[in-house]
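Have a look at these structures, which come just after this line.
Each of the next two complexes has subunit A plus one more chain, namely subunit B in the first and subunit C in the second.
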Partner chain A sequence: MNAIASGEFWVFVGVIAGIYTLLGLGIQLEFGFAGLLNFGHVAFMAIGAYTMAILTVKAGLSMWLSAGLGVLAAAAAGIVLGLPTLRLRADYFAIVTIAFGEIVRYVATNEDGLTGGSQGTINLAGPGQASEYNGSWERFQTWLQHALHVGSSDVAMLLVVWAAALALTALLAASARTPWSRVLKSIREDEDVAASLGKNVFAYKLQALALGSAAAGLAGCFFAWQFSFFSPGDFAPLLTFFAWMIVILGGLGRPWSVPVGALMLGVIYAGTRFFDFPPFSYFDSAERAYLRLIVIGVVIIGLVLFRPQGVLGRREELVLE
Partner chain B sequence: MFLQLVGNGLVTGSVIAIAAVGVSLVYGILGLVNFAFGDVMAFGGFVAFLFNVTLGLPIAAATAIAMLMTALLCVVLEGVLWRPLRLRRAGFMSLFLASIGLALVLRQAIFLVAGPQTRAFDVDPYRVYVVASVRFSTGQTAALVVATATIVLVGLVLGLTSVGRTMRAVADSRTLAAVAGIDTERVVVLTWVLAGLLAALAGVLAGLVQSSFDPNFGFSLLLPTFAAVVLGGIGSAYGALAGGIALGLAMEVSTWSGFFGGVDSVYKPVVAFAVLIVALLLRPQGLLGKARLA
Partner chain C sequence: MRSAPILAVDALSRRFGAVRAVDGASFEVEPGSITSLIGPNGAGKSTLFNVVSGLLSPDSGRVVFEGQRIDGRPPHRIARLGLVRTFQNARALTRLSVLDNLALAAPQQPGERLSTLLVAPGAARRHESETRARARELLELVRLDSHADALAATLSGGQRKLLDFARALMARPRLLLMDEPLAGVNPTLRLQLLDHIDAVRAEGGVTVVLVEHDLDAVMRVSDRVVVMSGGRVIAAGAPAEVRADAAVVDAYLGTDG
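So, the complex of A and B:
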């Protein structure tokens, strides 16, 4: 059957878009609200996923408790990164966050004893031993599938991911009307003004970074459950840029634009798989994978050039500068 | 052993330094943190590979052609991307994101054309030069000699020629330079030419030192390069040189067994970032950077 007409494939795209929504919400809070340039976002996703998997397999904790601890660990990592670096100038901070993301990936690749090394979580319990962290998740998925009478466990997954993604989006949207968010946005516009009004700029930035990282940690847990196996290569810097692209595609500073942007990215990324007209038909599937990323790169450049406030963004509130 | 590591560190450091000067010049003149610079380096490396291995030219000639073509690429990109962005008054953030998009396009285009295989230049891998009990491979020797010559040359161009003077003037203040009658657009194009030449050279030398490379190798060099630029103070070309050498030394010497038993060599890039973060905490304006106003 043609993949473009297959429901299963679009369910998969939907699940990925939901996970990307969670990832993008972190960037929306950190950049769209607080103006922080975090280019190591994917590292917090990795920390969430690895903490959950390691605690479940090695420490024998319940998967749900491990997932909660994974989200907390991601937030804690945000605080650890932010404490020394948030006082740096914006461009220095951006570079330090890229470096942090790569350090996390190097550690995950090379500390075989802790993370299973470059082959990923399949080695988590040691060589030759089954290491499964998502048994509880699969039981939950099956239970939900029967409870809701939906066709497959993949559809159940889709519903859970989007329930979480939309709940978190609603939370961010609700927080946008609080004094806390207004202070963040004033820091984004001019942190000296915020400081002169007696606001503790550093503490607000640290809170934004910790909460954004927690969202990435949650995205990491869902990512781990969706694929039931992952390796350090899954947390390449590319994912961070996907999260950025979602926020810019959707609209800067507007919470509800994040799920829209994530769906747009999902469709662009998955949709380009089916370009079978010239010039795309001249390339084989491996080459088309490169072409898809070229399309993503061109879209990023095009947005920056022609639509700097994002597709649904408001020019009065925030324009890329 | 220690001396050998210092020697390796100088080799790594001088390659990073060449790349870092390129990044730093572009940042100084255009305010652009160029995330695509690593992939521009890879472009240079692969063009040199095409002429050296596929077409059988000597490595020096292939490198020269690669440098010219990479400079041309940079000038074309200035015309179709960076200049339009500047005309739209794009700020730091837009430029940075556009360079991320460009990095994706360039790297995937190299993958598309050259394929994902690892490549190696056509040089004798078994020839070894010994200097004071330190052994250098052909690639390392070439890197050290060429990098030293390049560093001196760039220093002379920036310090003594009128082109260098106008570049430094534009980096200090674009408006004042324009008022003083400097054709700033011409300086921008010259900066891209210089950055392109340096990028391709660094790409080829890195390929020689690593002995094999794939289309991702430019990106993997980008982060140590950024670290060197920041370590030296963003926008300071001489600082970038010092930062590159310091980082190269730190990365190699950290594996010395006399240094707390030595850091596992897979963690060399992590050492670079750790040095960067510590240096930023102690001296946020960089080694040779100007103190931030206000």
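So, the complex of A and C:
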């Protein structure tokens, strides 16, 4: 196929991988550092995206301000979710987060007046009125394209997403060497010990959840800018598990493993589109789409068998006793 | 020796369903002493430790530490007052380095606050290098310095006990609760650990409360022995007095007939 050789296509894959990196960084902080089982991560991405779009279209705020508020809203949602639930045992917390993810998606689907409902943000301004939230973004992309003399505005997008993703990864990597993350990791290992040494376990968990959610909120803004319209269906639980796969593929507790894992996931996911030779050609393209998930599953099983620490992880950290 | 007690446990009770694990236990601990808590399995010693250190809340009764009531307070607040505990099974933080296990325990670290890291990263870094230096000193004391950069998962059971002890010291305790510090530790290490405990009391002015099954060791190091059975304190006094107490003999030997 010529698509596999098309630069445009791989630019798209790169943008998605950058957005997934931002999403994965949240899980790396929450689980890789603090040991929190958050299975509703995608909800914070949705909150970031919707807050940005709604404030731009309905409140007439500048898109940039709306994006900042979107990230803050995601962080605030993390705090609201965490306050009553972070004292729960790890597995109960996990269950609550799954429910939270679904609740956010259902609210977005059913609150037509606020979110545009199941048709998505195309409906934001109300029936019959086209709405757009990313005019400023497209102007910015075009400006950047010319400023940097890159071939297309998509390449400009790629650069912006990855600049953000790598900056945030670097920030997480810098924080990994601080006493602050040492406390998070001690909570991951044994929260009774952390508490008995004077650490306020609940406050640290809340910080991890708020910051991880803010990263997801930022991912949501980029997601919204990449696609001119989005709908609640874009924030299915599968996306949460993509973030988890990225962290597992790359390596737990290692900040730089997140962009690596995100690129792996992006390439595997997109690359499987080109399985148009036997035996894959015996399936039609819709059936082949499902093969991607199977391939990702097989890769993860292989990794767990042969390199359980992930691509960049430390094997000795798997000794749990 | 009639100064105000550093720790006073008064009519403390804690139930699990129908089981009264601690059932009206009372005792006091003199500042600067080594007090041992002994008693048969199921006497409520570990539960009592968990209540005093805040990991469990009491059903009734009071715990007073240095004149302040602490019962029902969260464990991190109790630890910050200077009441620090170790664990029966040592509970090393296995995927942190040995050094980080200790450094974690230092109180009031500016680098543990995100706001400080953003506003005054230099101060946080200076404090951190002091913390690490002190952690290395304590590792030398318990002879784990050669393992400083290894993951705590690589330590043996006995070494983990030493790690837990050094980690508790790192928290600068005024009262140290040690839950079976000698269990699973080989005889050579036992003597070492007992020497350390004695030194910490003598030089650091740290008051120590031990839960321990090794009665020889208990009788040798303790100033005072508190005997529990069935969730209550059945005897307390100097080691020699307790050894002669009929109720104690009964609690240890009588039930088997």
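We adopt the following convention: the second predicted complex is superposed on the first by the 307 of 321 C-alpha atoms of A that agree within 3 Å, B and C clash if a C-alpha of one lies under 4 Å from a C-alpha of the other, contacts with A are read in each partner's own complex, and residues count from 1 in each chain.
Note that a contact is a pair of C-beta atoms (placed from the backbone, for glycine too) under 8 Å apart; a residue touches a chain by one contact, two chains touch by 3 or more.
Fair warning: this is a prediction, and the values are worked out from it, not measured in the lab.
Undergrad: Touching A:178, do we find subunit B (first), subunit C (second), both, or neither?
TA: Once the two structures are laid over each other on A, A:178 reaches subunit C alone.
Undergrad: Please determine whether it is subunit B or subunit C that touches the greater number of subunit A residues.
TA: Looking at subunit B versus subunit C, the one contacting more residues of subunit A is B.
Undergrad: Thinking of the overlay built on chain A, is A:207 touched by subunit B (first), by subunit C (second), by both, or by neither?
TA: After superposing on A, A:207 lies in contact with subunit C but is clear of subunit B.
Undergrad: Quick one: is A:186 in contact with subunit B, with subunit C, with both, or with neither? Answer first, second, both or neither.
TA: second
Undergrad: Touching A:106, do we find subunit B (first), subunit C (second), both, or neither?
TA: The first partner, subunit B, only.
Undergrad: State whether A:195 touches subunit B only (first), subunit C only (second), both chains, or neither.
TA: A:195 sits against subunit C, while subunit B stays out of touch.
Undergrad: Once the two structures are superposed, pull the subunit A residues common to the subunit B and subunit C interfaces.
TA: 320-321
Undergrad: Mind pulling up the subunit A residues that touch subunit C in the complex?
TA: Against subunit C, subunit A makes touches at 175, 178-180, 182-183, 185-186, 188-190, 192-201, 207, 253, 316-317, 319-321.
Undergrad: Within their complex, state which residues of subunit B touch subunit A.
TA: Residue positions touching the partner: 33, 81, 84-85, 88, 90-94, 96-98, 100-105, 107-109, 111-112, 223, 226-227, 230, 234, 264, 266-267, 269-270, 273-274, 276-277, 280-281, 284, 292.
Undergrad: Please name which positions on subunit C make contact with subunit A in the complex.
TA: 53-55, 74-76, 79-80, 84-85, 87, 91, 93-96, 100, 103-105, 107, 109, 111-114, 117, 124, 128, 131, 151, 153-154, 167, 171
Undergrad: Going by the contact rule at the top, pick out the subunit A residues touching subunit B in the complex.
TA: Residue positions touching the partner: 37, 84-85, 87-92, 94-96, 98-100, 102-103, 106-107, 109-110, 238, 241, 244, 248, 283, 287, 290-291, 293-294, 296-301, 304-305, 308, 320-321.
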